[in-house]
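Some structures are shown below for you to check.
Each of the two complexes below includes subunit A, the first together with subunit B, the second together with subunit C.
So, the complex of A and B:
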């Protein structure tokens, strides 16, 4: 079958003819091999223009099309659609940019004309070697897997589940609720207990579109937006393993209190009545704050910022919960003296200042200091601290409560590797963009909500869960079809030596090594066509479907001639 | 013995070598086969009635009579022979293989390139005095064998060995002057050699068998040998010879660099190249099924040839011999172990090996990498250090490499 290439130069209004002698360009390219038509048109992207092109394709029986006009970023898709409508495979089309790359840049008309002709000739050389690639369609799986059954996971599940979208929450421990479930009171509405959370959990238990898998962990995830295959194993005595398919994953694995601080400095664990915030929270929930000897404490030191220097970040929620503890201690019938030792106060929300002022009014002492030490001396708990003027002071108290840093829970690294989500220097999951895309992971179809990406309070966790749900609701519409990338890489098995260099450069995890054949293979649905593997293969066994060696060679050669 | 023992504590077993080194080593291998240390031996064997050495895999101990653990020439690079055997998985029987140190280093690189699997392969290396140039051996007749014999006795014959061997300083184990542990080890760990045969001991009528890992110790035990000879004497002689060779290498590279600096002089080196690609064919590290330069990509249309000829005024055919060498260099020089197989194979005697080992010596340090040293050291080609990106891609995020203007705005 003969090759008949149609070349159409668009005037783009006055943009191009002012700077380029189009007729001269057409003269230059019309006699080239395989060029069946070389014409000009005023505005090809207009309705008239598109109709004209479609008619030309049919009339001239074109096998390939070149449009010389503006940037492909503007109208490549437009003209590809024209090809489809005219019955021409849209990948047998090449767009040449003679507006931004010639007319708008080169002041001398003769030079601009020469360059335009060169660009078009390069495009013609290339297009003749294009292959008629075809798009594939996949129906997305609308279901969602939520990893982590804390407040973020719970909120996401309730926002997402519906008759057409099933949600599975997978939780490592035996019950839903996470750290929020262990709280005695929620902060914002002092006096509100956590029955709000209880109600949400009950809703989930009643919802037939949500399945809760407690005592289970994810052991393998492969796939892409609309099609993730997940393997789940239960950690109980009977290790049960099962696979499910979902379209999106929400990582809501939360955080935990750091326990790596030096006990010699902070005393917890080896001194009675030095407790962590979690232990104090349990005491409040149990209804009584008591020392080991059974008596209530007359004085309590609340130690902020345990681990802030070591970890290098502020954990955001501790100042507020320490204030909560302070209010609680001062509100009791026999209020204890409360001393809060802090290095900086974090009071960002609109009600926080008031809450702090309230604590001051109730007689809570605030001491700003670095370098706190909690020790036992002569049978008493002593807090040693700097006084701001270089001297050390000590304070004797009955009880000390430590507010340690919030850190990622164990297993985060493993999960990060499975999902291809990077961890940042603090060990928390790294979002696609901390400010502009805070709930998406760099991999499409995976979302991060709550403390999984860094310390947050409950309000922020809920907001993120709802945001992630919103993103899923709008992209993963049931019945929607996905078109995986067409211009992907392909590995020639005869040339592949199985050295797996390509695996080390593929960010998307789209390449796997087939041990039984001794070669590597590209997963066509996950490959994004970035071409890194093509460049990395020492054997040249990998080629891009739309950027083959021959195509690039001919295009470049023609441009440099 | 643990792998962290110092040179002072490492000891060797001694084998008498009254009938010469080759017989002593083959004797050791025969016994090892008989005692079941491994089920087959892979080594160069001289084909009867010819002078060539071919790598054979041998189960019958009697066939080892014609074997040469240290042949006078390096016919096929041992690393390459091993990869042809184990590319698609470890063989179903255990094998003992004797390699020159450069062959073992090539094998280490090939392990990292997934072309060799060393499971159940017992690697034995041997002090290497060098090899004769292939052409000299082919022409030289029995004289050549005598010359090699003298080499094994004196170890310092200038002019007799291949140029690559003359400037080779890694002819033995990697021991140093500091009190460092002897070659790192564990069966398929950093440097997967189980026994090293020392030939530079004080007594010429003995060979030293130095076990480098538990597998090596087991082999010696099975043979009823006890490693009780201290290594100080041998180590001292290795170090002294190494110093000489290092200096030769350095001086040789310096001089050669001057000879080939500048494009014209560099081109002149490859003037005689006939594009046979022998160098690539024999190179152990060149593992591609089909070299890019042998692929259909190299075939241009006649029109393209004419276009190029028109631009340059003339055209050399076949195209781009220099591009082949530079291309091959950019693909494999970071794994080049300076074995010199390429130089031996060049029919027009281009010093390919010299060019490549010079470039290897100057480029590998940029990645803090030494080819063949350790199977745990990742290939620069396949490793990406985040810290390296900041220098070129995101200087504004990298505090260390920020320009002064950016820093002052921060």
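So, the complex of A and C:
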């Protein structure tokens, strides 16, 4: 079949003809091989222009189309749609930018004209080598697996489950609730009581679309958005194993309190009545705060920032829960003296300052300090602290409560490897984009909610769980199909030596090694067409469907001639 | 139940909610008060902590919104009244005349030069002017100007013969007889994403703001170092000199407002880095109270800023005075007592406050304001985006001060709630 390329130069109003001699350009390209039509038009992106192009495609029986106009970012999609409507495969189209890249930056008209002609000739050389790519449609499984049964996992499950979408929560401990479940009171100044959590757990237990698998862990996950195969094993003595298929995975594995601090500095574990925040929460839940000797403390030191320097980040929630402890201690019938030792007060939400002011009013002492040590001297707990001027002071207290850093829980690395998603340098899961995509992992179909991606409070965790649900509800619609990327990589099995270099550079886990054939293969549903594998292959066995070496070479060669 | 959604505000939160809802097949009515979309985020050159280009980051999303078949964008539009209930709200919208056709205009810019009227450009925080027919900045989307009817000589009657823009336009895009419109939108749910303001620095006489002095409020400084801003990113004082000594004052308005705005410690560090990068020999000193830098990445950003030689002083009672042709910052170092710092330039980090039209907006929506003036969340729940009206959600800084990732997460959360409250089957 003969190649008939149509080249259309858009005037873009005054933008282009003022700076480029369009007729000269057309004269230059019309005689080229395979160019069936070379014409100009006032404004191709207008309704008239689009109709004109569609008519031209049919009338001139074009097999390929080149539009020389503005940036592809503006109108590449527009003209691809015109191709579709005129019956031409939209990938047999090339857009050449002669506005931003010629008219708008080359002051000399003769030079701009010469460059525009060059750009267009290069586009023509390229488009002749384009292949007609076609979209695929994949049916999807709308069900969701939630890893982690804490507040984030619970909220995500309640937001997602429906008659047409089943949800499985997998929790390695033997009950739902996570860290929030161990608290006896939530932030009361926000008007929230922990019964809210119990109500949510009850709702889950009653919901027939949510299955809860406690005492279980994920041991293998393979697949992609719409089609993940998950292997689950129970962590008890009877290792029961099962497989489920889901369309999306939510990682809601939470965090834990760091216990790696130096006991010589902070005294926990080897000094009576120096406890961690979790132990103090347990005391509140049990209804009594008592020293080892059975008496209530008359003075309590709350030590903030345990591990802030060592870990290199602020864990965000400690100042607030320390205030909660302080309020609780001061509200009791025989209030203890409360001393809070902190480096910075982190009160970022609009009601936090007020909560702090309330604690001050109740007589809580706040001491800013850079270096804190908790020691036992002469049978008493002594907090040694340096004031701002560097002077060391000591304070004797009955009890000390440590607020340690929030850190990733054990097993995070293993899970990250299984899911093929990265951890950042703090060991928490890394978001797809720190600013604009905070609840997605870089792999499509995997989402992250709550403290799994970094320290945050309950409200933020709940919002993130709802956000992950929002993304899943929007993307994975029961009955609808997904269209994966078309411009993907292809491996030529004849040239592949099975070195697996491509596997090691694929960020998306889209390549697998076919041991029985001794070659690698691209999963077309996952590949995003980034081209990393193409560049990495030592045998040149991999090519990109829309960026072949020949296409690129011809385009560049023509441009530099 | 009506499956379509009203989104008020086309900043980063409104854009995210719109795109996610449109992706789910819903029709989104995106109502924006300004003549462009992008909100405050597009005013920044870079965003912390990765210091990526803010406009580059947001532009693909803006393009996607404008090119989406499911998102109907109404610019220069506001909500007059919201009535109804979940699944069946009626929103009355007023749309101001743009006087330029969004369909015909291709953004060639031929109409700007001939216009005889210059006015203060609010996008540039008053640091530069623009014509009565203009886009607010280079790269504005949509790339179509609007005419200010109060300043335009033709429209305000001062010179009915002036048609300079119309004469320069090759696309019949100037519409002098454009009219304001009022219309109703029927929707099932509403996402309020109207954003924030910074408290006006004039409220704090102790910082010597105003009167042509080199004291800048944070958003003004953002425009100063933006490469599409009034100085194309050159850090120069009002008289053209390059600053050699810069003081940055945190917590402006914190005591008065009664809360910490959460973002200023980070953007102040961003400013410090920017200044040191552009003017390595400059002295930079930040005056702060507590450092609010929570989360896994913010402390590191801050520590790195310190290692660039930026000074940090924990101070109270900070004041700025004009002295000997420059500025002097007087402060009480909390550990070391009183001190002064000579500066060529001072930057203020004011409190993030509710937009001044929040009382009216809350009334029109039927929502309450909380004790700080922000739109109030439903009490007793764990999710701050829910309000007392089922189906109406408040997200982003309209709900309270927060950074970009939290704003985006809240927008996505509202979508999550809406898609499950109003499933497509019942639409």
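One rule holds in what follows: the second predicted complex is superposed on the first by the 540 of 561 C-alpha atoms of A that agree within 3 Å, B and C clash if a C-alpha of one lies under 4 Å from a C-alpha of the other, contacts with A are read in each partner's own complex, and residues count from 1 in each chain.
Going forward, contacts are C-beta pairs under 8 Å (C-beta built on N, C-alpha and C of every residue); 3 or more make two chains touch, one makes a residue touch a chain.
Here the structure is a predicted model, which means the values were calculated and not measured.
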Using the touch definition from the top, say if A:43 reaches subunit B (first), subunit C (second), both or neither.
second
Identify the partner contact of A:13: answer first if only subunit B is touched, second if only subunit C is, both if each is, neither if none is.
second
See if subunit A has more residues touched by subunit B or by subunit C, and give me that chain.
C
Once the structures are superposed on A, label A:507 by its partner contacts, choosing first (subunit B), second (subunit C), both or neither.
neither
Pick one for A:561: touches subunit B only (first), subunit C only (second), both, or neither.
first
Where does A:494 make contact in the superposed view: on subunit B (first), on subunit C (second), on both, or on neither?
first
Overlap of the subunit B and subunit C interfaces on subunit A comprises residues none
The subunit C residues in contact with subunit A across the complex are 12, 16, 20-21, 23-25, 47, 49-50, 52, 57-58, 61, 63, 67, 106, 108, 110, 170-171, 254, 258-260, 262, 290-300, 303, 314, 334-336, 370, 372, 374, 379-385, 400-402, 404-406, 408-417, 419-420, 423-424
Subunit B - residues contacting subunit A, complex
87-88, 113-115, 287-292, 295, 297, 304, 307, 311, 331-332, 381-384
Within the complex, subunit B is touched by subunit A residues 494-501, 504-505, 518, 536, 538-541, 549-550, 553, 557, 561
For a test of understanding, state which residues of subunit A touch subunit C in their complex under the given definition.
12-15, 43, 45, 73, 77, 151, 155, 159-160, 162, 186, 190-193, 196, 308, 312-316, 344-354, 357, 368, 387-389, 424, 426, 428, 431, 434-439, 454-456, 458-460, 462-471, 473-475, 477
